[in-house]
Amino acid sequence: MDGGRERYGQCTHLRKGASPVKKLINDPFAFVDETIEGILLARPDHLKRCEGSGRALMRADGPVEGKVAVVTGGGSGHIPVFLGYVGPGLLDAVSIGNVFSSPSPDDMLAATTAAHGGAGVLHLYGNYSGDVMNFGMAAEMAEMEGIEVATALVRDDVVSAPVEEMDRRRAVAGLFFAYKIAGARAEEGAGLAEVRAAADLAIFNTRSMGVALTSCTIPAAGEPTFELGENEMELGMGIHGEPGLRRGEIMPADDVVDEMMARVLPDLPFEAGDEVAVLVNGLGATPPEELFVMYRRVRAVLDDAGIGVHRAYIGEYATSMEMAGASVSLLKLEGDLKRLLDAPAYSPFLPQWPL
Amino acid sequence: MDGGRERYGQCTHLRKGASPVKKLINDPFAFVDETIEGILLARPDHLKRCEGSGRALMRADGPVEGKVAVVTGGGSGHIPVFLGYVGPGLLDAVSIGNVFSSPSPDDMLAATTAAHGGAGVLHLYGNYSGDVMNFGMAAEMAEMEGIEVATALVRDDVVSAPVEEMDRRRAVAGLFFAYKIAGARAEEGAGLAEVRAAADLAIFNTRSMGVALTSCTIPAAGEPTFELGENEMELGMGIHGEPGLRRGEIMPADDVVDEMMARVLPDLPFEAGDEVAVLVNGLGATPPEELFVMYRRVRAVLDDAGIGVHRAYIGEYATSMEMAGASVSLLKLEGDLKRLLDAPAYSPFLPQWPL
Amino acid sequence: MGKLTAADVIAFLRLLAEEMPGYKDELRDLDAQMGDGDLGITVSIGMKAIGDGLADLEGEEPGVILARSGMNFNRAAASTFGAIFATALMSAGKHIGGRDEIALDDLPGMIEAAAAGVSARGGARPGEKTILDVLLPMAEALKREAEGGSNLPDAARRAHEACVAALERTKEMEAQHGRGGWLKEKSIGVPDPGSTAICLMVECFARSVAGS
Amino acid sequence: MGKLTAADVIAFLRLLAEEMPGYKDELRDLDAQMGDGDLGITVSIGMKAIGDGLADLEGEEPGVILARSGMNFNRAAASTFGAIFATALMSAGKHIGGRDEIALDDLPGMIEAAAAGVSARGGARPGEKTILDVLLPMAEALKREAEGGSNLPDAARRAHEACVAALERTKEMEAQHGRGGWLKEKSIGVPDPGSTAICLMVECFARSVAGS
């Protein structure tokens, strides 16, 4: 319980010019491990460490014999992405990188082998090259150990590449829909190929777009990743501060939603008669009230387009540290997707309602 | 779908000197009503309007015949406080004021009469004089209409007055514990006096303290309520920006928690052998990761003190718009409190885990 | 104007609805020093609501106009001040009952009734930095004027002067109620925001009856 | 120093561990212009991990030292660059197999093997603003030196010069991979951050063999 003052030397650097970033942390380099420690203390009935890694967590009741395991991973700083989606009806294990950085192949391998219940493992994660390459190494190693691995990459951010180049798109909050669907299909007892197919169907039917009002700061970097002017916002920004569509003066919420919907709807396209699930996601510093103000407008646009809403998820589902802003994701409920979305799922981070 | 630009004229004032406040809103004076509209669109199976008021909501399946109704109310800007706690096993109805302002007695009366299931109504809310006076008027009117009303005031913030003057203390995130306990007792079929007694027992056994790193801004006021220096924090600040214990340079998370616990523990006092529920609450802009870092330290302090933890709630349970900061609340699980805390409760805002 | 008719009361309330929103920023800044800064919005929204409600009150007696206006204020801008101010207007209205006109002789009793109502609602006593600390000195001043045989315009001016002097004295007081109550000794030096609002209203009252 | 022994390889890696963290801010700022700004931390943490891992590698062959150091880097600082850099070191190490010494003649083949491994791992081709765009020109330069009968210190200096020139040319390229890939034409004008890191390492290499 000592050493606080000394460690704190490092926090005072968390500023750049007139943009101080104040954080309730200790040593920025211990940030991820202290977060994991806190989570394991808070949720011992729900999560446990994977053998052989300090940076991999799994369902406390896992591995589940005979079930396909769904395993994810990625950088820290996005809670509830990723570890908040580990649980019954959701993911089996997760590997955890530094803030906004890929986990190591060792940690991915630890998550994969620990969660493996004998029926194969789906690696389901966002399309970021660091994750792709490191999961690629982990999959090779797992296969050498005799574990069958399939992969599905979430690519929901419509502004990150044109639809013809969907392979280059990155993942944002749409990760949640892919997790929910793949987790439900695995829980039903489907085989690896079927679980992958369900994940791919969810991925193909999910489209998202975000808006950022302020930057976020990686604790160990000590400075905001980018700067937005006093009165600026950036439409289409990614969840690590990746460049978006355009910067401009901040607009009323309704206009922001209109511009997002004008990009998201034609991209799939979502059409009259479709039924969708909606996710209005807060990036971290945006009050819940504002997300409901936005949802109001999303509904008005969908009503106008003749598109029905089966479920609405509104809250923080994929954050970017203390970034202010929000994203809107739509999932078109094709085929089995409605049944799988409605299936029970349990995590202390996920209020699935009605249950 | 027009008028955005025009309404927006009012958002551009949301700044003060070098502290711009960027919000995803439309007309700041329509903010509360648009939030309610969004919530009703998102949760039609869960919430509905109370007859005769645009600012009162209730359980969609209410009034529940023969059950004591638990009714709350208060200013907007704190979601999930207050309307996020309406639901089975929780509250029956809520009246909604402007941001950080009391609802009107008319709205409180509408919530009271609509939720009344014939077994009386408990008015359960935070000890703020505006709410107290207006609920007082509403209770007088309800009693004139033949509804039996009892009142319990949440007063958990230890720095707002010395323990000898507990009647002067204000409410912060400890509201959640009072709602959970009173809601569970009412759901069990207890009478009005018993429900009030359960609420009072929860209130008496709850102690909280907060820390703010940045201000919040009331949309209609257009400027931050207070200013904190670049490197400052305020220990003990209330959830509307009420003055706290002291301002000082920002400290490492562990030191902040230590100072909070040093004030909270002796206040009841919480002692070796006690069992508690812990709530680490984010005020709005603080990333979930930081709350877990804090919880880690809370547990270390409680372990040292020989105090056991029955449940931990970690997340945003009572926000202050986009304020950065957090609070820690402890509930000592005396008497029936453990059973009542563990009872099922359902709201899209409350992941009660395990269910 | 020897006595105030319903039309005079409406004219006074209309003047409040027009003038008081202009003090929004001043009252916000004052209240922000004492807690949460909502008083500017409260007074501005509440007074507009009083103005909007006046059309429905044509033909009513002065007491009803005052009481209903208090309720209109608090419905639109519920808050500590809203409840207190509504209680004050309702108590004053109740004091004169169904009478058609208000005489200077009625005013001290009305203000005393308002103060008693406020005290019953919020539990405050004199010296605790609330609107009681301007209401009571104002009632005193009006009583002296009425007993001395003054006229309404002069009495209103004196009432305002008493109010301003009393407001100055609230600076030295330590707040005990509302959000200011958590500040305790730190509240010393700042005039009570609610009393400031009352003072500004009394100034409007003096202007409103000055022409008579 | 006609050939590099295991001790020379360790000395070179130790120099990287000491020097490269000093470029943390420079690499961060460069990478922030191209996406997320993590490269400074990645290189700094990864290089420290290489340094910490060297003690365990005493007695191993040069190829094993390189491969294991790549894995140590990426274990501590996994990322796009971590995976790419680990792949490069593993491929280069595999190329020389269990041999005890590395001759100048081996170097072009090792760098080509590294480039081939990187290309297989990440799917990049020359001209797409990745480390391939410095690795391949560097392999060319080393080949020329080896064929021309140069010595190690001179060859290393030439390799570094080729690297710097190639880095300059990455400015004109449009990024296709990693986070920079989302910037497309906006990435033009900035030198590739990963290639900048490689250049700095090659400078260390040149310094490390200069004394010989």
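Every chain is named by a letter (A, B, C and D) in the order it is written, and numbering of its residues begins at 1.
What we mean here is this: a contact is a pair of C-beta atoms (placed from the backbone, for glycine too) under 8 Å apart; a residue touches a chain by one contact, two chains touch by 3 or more.
This is a predicted model, so every value here is computed, not measured.
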{"item": "Contact-graph separation of chain B and chain D, given in steps at minimum", "value": "2"}
{"item": "Mutual neighbours - chains that touch chain B and chain C alike", "value": "none"}
{"item": "Relative to chain B, chain with the most remote C-alpha centre", "value": "D"}
{"item": "CA centroid of chain C to CA centroid of chain D, Å", "value": "78"}
{"item": "Distance between chain centroids, defined by C-alpha means - chain A, chain C (Å)", "value": "55"}
{"item": "Chain A and chain D: spacing of chain centres that average the CA atoms, whole Å", "value": "32"}
{"item": "Geometric centre distance via CA averages, chain B-chain A, whole Å", "value": "28"}
{"item": "Chain-level touch network, classified as line, ring, star, complete or other", "value": "line"}
{"item": "Every chain pair in contact, whichever chains are involved", "value": "A-B, A-D, B-C"}
{"item": "Residues of chain D defined as touching chain A within the complex", "value": "28, 32, 35-38, 40-42, 45, 74-84, 87, 121-122, 177-179, 181-183, 186"}
{"item": "Chain A residues within the chain B interface of the complex", "value": "1, 4-5, 7-8, 11-12, 15, 18, 20, 22-27, 31, 34-39, 41-43, 45-46, 76-77, 79-80, 211, 213-214, 230-231, 233, 250-256, 258, 284-296, 299-300, 304, 312, 314-316, 319, 321-322, 324-326, 346-351, 353-355"}
{"item": "Residue ranges of chain A touching chain D (in the complex, touch as defined)", "value": "97-98, 100-107, 128-130, 133-134, 136-137, 160-161, 168, 170, 218, 220-221, 225-226, 238, 240-243"}
